[in-house]
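First chain A sits with chain B, and in the next complex the same chain sits with chain C.
This part shows the complex of A and B:
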């Protein structure tokens, strides 16, 4: 920590001239005070083991401002569907012109607008998920978040096409810091799919500190896909908090492709009986990237089910961290939980840290976890080579087979193809940065 | 189900059988810890200068440290200034035969089922008895001496083999390692020392019995086992402690060193007083155990059966430094009532083609919490390293907790690391199957628990396996025949 000004003050100063915050003016003092006292997590904090914040704070940032973007840039993305619901956020701010609402019955807007236009819905969900383990990043977001995506699907409504939330970082000069606070609410008996993708169009460094809260109502079914592809010059702290009611189903899928320092915090609470959650993730760090997935699933009531599957292919000097925690509260009987983390190390400099954890306070449960780290199976490789497949190609085939089960579970074809394209490109040795660039897509090279 | 409930109740209400106090006059230092105490301790033990320096360095380091709190344990922090750091049986002279030993001590061991005479003759086990902190009796010294094996108390080794102590003490667990290792380095009073010379296969199982005997005396044992090139030794350690109301602190350090082609088999049965069924009293067991496979092709295996202590904080670990070295860890941990255990292992792979296996079985009963915490660390140089870990937890009753926290750090692409864990209770269909075959529920539970732990129990040396089973059945009384 620098002796002159600590990071808390530097970041608080960024917001000196800002006024429009999501929190009420009267609460501001309390939040900011809490933020100024908060600590940047380092490796000594058990949940942040191996985390290194230095690459993030090495840069000086300026606050991301509202900006415009040409619609054609967005349109060129291969999995983009111009006819589907979408929310476009640029530098963390809602862009109404580029956003589009197809289904009249749902609310698709920004958190800032929702606060004014739908105060009842907004305030019954805003900050309703409690976080007992606040760090610098949580407090920073809570104190100063200004905007984000707001999706409300009322009871008994089913949205067929995936709703697309697009995040863009655009900067003309200088490093950008941006924050969003997104709220997604699935009403009773509703169903929806969301693709939440992050992109950067900037060569400068960017730092995104986001929060997404998902409320899955009774009997609802939600699929939530996250794509992190902000390029090598981005740091991303992504906090995802979810609460699930009775019989709800939530499927999360996260693909982390780029980013210099990425930390995804999933905190999933199964609040009522028979809730089911599935979370899957793929990460492919390269060069000196650091990708850290932290998942905490709390089984608070009985008869809930959870499943975690994370797979990583780690190249060059990259580091991957996976921490999966399953907490089974006292009395949460008949819990069913599975957890699995598999890592493939491609070089001797790559590092994989894996911590699948179980914390169980009930006896009638079936919980299992597994973790493997290693390399491609020599025998399989040899078999393929005896069949005349060159080594490099055999390796590519085996690696993509390794990731296949997760990719196959993506239910939106166009998005699945896009992820497949990126993975294959990466395995063929293409630079992840060019791959992640928005302009590049299978059809428009 | 009513029968099950009865069994559970029986299990929970099982009192500690080995709880009794031997009345031997002991010399006790005043409570508290400062440099003067350490100097007095060192003088008392007639230690050379370098030991005092080591103790003081450790103490100065310890003073600046904070007690770690990352473990999943809740307990009242010990008041370190409220502990007496030295207690020794007053009649200290060396004995030549068993007859000279205080008959009460003999009686203590008889109560525990460790008849020295019988063991001496029948079992062929050399027992280095530690009553509180000072070694009282060493058997089979002669047989061992002929082979060049040194097996004595660590105080004796410090006086008589300072060159070995200088070279190896704190070489695996430096005093800066952690809070309790620093404390132990500063104040350890006694413990065991074993040195197996080159190419010697130790013919008997070396064994020590520890026992906390003086109220309010924290016990700080220090064990150092060195297996020189091509040697083999099987080392046993067992603990029982009398019933006490105040929490007692036990912070031992165990260091194992296996040189080229050497093998050390370290087995332990731990049965410190766990506190009564209301969670009152019991021993705090904060132990640092670590071995190093220093030379190529060396092997260290840890086997532990943990049934005692109110709070356990223990991670026997191995640094696999030599190429092709092998380490194994087998553990059964049983917690009952309000016991808490945070235990596991660390396997640090440094050398090429190193292999490690971890098998951990946790059984939780009553309101206890049983945590497995283990690290598998494959360093960059560990090409071809291999690890397999398996931790299974069994929950008996719905108020206990079983937790698994593995840490898997891999820095080498050729390494293969696997971890598996399951948590379950005894399934009704298993019980039903046994019932069908004419076993009552009680025997069925016993059968299943035995089967669950068998993989580990079978790794214990013969003499110990019987005792381990006895301890297991004490904890599971009413269900294990």
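This part shows the complex of A and C:
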């Protein structure tokens, strides 16, 4: 076992000469003390079963610095829309030049600037979502986060085109650590779509410890797509916290395509009645990758609805974990919750762990869950081959058929095509790093 | 075209085919009948290349090639087609994409360019008409939610698309109403030429009224125990398998 104290000090030291933190200077001491005491979760911790932090801490990191990026690199991404709102973050820092605000009525900036320019909005949301299960990763972010994306859509405003948040890791030499704290606020009766994509332009190792808080106001409708494609030298701990008000709708979709160790912590709180949340995910770990999706949905009031659908295709010796936790508070009657996790193992060594967890304290509820893990249907494969389709192609067709329903639910065509392109490329045996590299894909539409 | 010599196959250590001999020439229609569990579908599967069955002896020569050395997809492209007794459902794969992928491979194998989208759709439409397959099936996933009869028709449709040299129809008549039976039989007959051959596996004389066989074989307990002309089917319809079984049991 590694000495955890050690890592706490190492990471605190990264920030020794830094100044601009999102927390107030006066709170600094309290946070850092808490961080120094925090523990790196290991597989023994209930919500982190199977998790192994060693691959993350095997490397030494430098703190990511502000950097520039050629706009043409961004433009070459097939699903990139130069005409839509975007926030570009490089090594965790807002790049104003590359970012673009199209709609005048929304706030599209960095968390760092929002704190100064829109203190009221900022402070009424910053750290307002409580987390009572803090780990090393949460405390690390809370103590030292410096920047991130800040999006505020006022009441009654609809943003048609997806807002794109792009994260890039760029390194000239050495392994990079970066973290962001992003805040997304959907006002009452507003609607918006966000594509939040993570990329790395570096072959060095990187570790991204991010946090995104989403506030879904009354009657709002939000679609939140995450694309994790940083390549297989990247570790990513992604904490997403959301709170939904009355009658709000949140659809989340997370595609984890690349990453050496990825842990997505999705915590969704249905705070008021008739809130509805849908979360879908696709993960495709290959080689020795580890992808872990932890979803916790708290039904705190009556008449709320939640739906989880996660599908994984696990290749080689990769490991996937899915934990779907549903909590129904006392009195949260007429709760409707569905959960499904399906895994396709492409080799005999691939592993998928699936853990549904229901904690229900109300009696008038409908909660279902199901999980399957298996290999491709042998009979279907044979049937296809008897028609002349080569085995490899038949496997590809069956695998993309397996993922099809989730892909079909992606409502932005260009992004859907991109995901399809990557998945098919991967299934055809193309190298995941090449596929995940941003420079690719001029040909993919 | 097809020569099966003393073919033996087993599954999980249990011998199912115990020495099959069969010669099929171009232009011929053979029928294989026989009681349940006698090995008819196993024979069909082994010919199509299903690897859960282990071939333990014998030879199969198809158009001069050692069939048993070929993968299922190679056999298909060489001209073998199996209409499944139980067609497999493939959720998420549309019948159009499925046939497109299959036909492309067949054409490449024959040294032809794959068809472009509109050629393909035209070709598919033509073949669908041949087997009177309802238009609405094409956008749907392969066999998913198809009725029993639709599944069987879909098998014949695929056969029409791929134009095999040797078609093996495993109980393609079962589950069909009388009109559908005629349609399916009609489709098979339309596809018949002097150069291709058909093996129909069936339990019923009824089908053989429409697809008239040159030769009928009775498969029992892993062996062909009787071979005759089309009158054999009528005889079996009348007397059942008792007499044949008794004789065979004495012999082996």
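Here is the rule we go by: the second predicted complex is superposed on the first by the 437 of 445 C-alpha atoms of A that agree within 3 Å, B and C clash if a C-alpha of one lies under 4 Å from a C-alpha of the other, contacts with A are read in each partner's own complex, and residues count from 1 in each chain.
The criterion applied here is as follows: a residue touches a chain if its C-beta (ideal position, glycine included) is under 8 Å from a C-beta of that chain, and two chains touch if they have at least 3 such contacts.
Here the structure is a predicted model, which means the values were calculated and not measured.
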Fit or clash between chain C and chain B when superposed on chain A: fit
Chain B versus chain C as contact partner of A:362, first or second or both or neither: first
First (chain B), second (chain C), both or neither touched by A:386: second
Touching partner for A:401 - first (chain B), second (chain C), both, neither: second
Angle at the Cα centre of chain A, taken between the Cα centres of chain B and chain C once the superposition is applied, in steps of 10 degrees: 70
Residues of chain A touched, compared between chain B and chain C (which is higher): B
Smallest separation of CA atoms, chain C relative to chain B, angstrom: 12
Chain B and chain C footprints on chain A, overlapping residues: none
Residue numbers on chain A that touch chain C, as the complex places them: 377-380, 382-391, 393, 397-398, 400-402, 404-405
Of chain B, residues touching chain A in the complex: 70, 72, 378, 380, 383, 393, 395-425
Chain B partner contacts - residues on chain A that touch it in the complex: 46, 49, 330-331, 333, 343, 345-375
List of chain C residues in touch with chain A within their complex: 48-50, 52, 71-73, 75-77, 81-82, 84, 87-93, 97-99, 101-103, 105-106, 109, 141, 158, 162
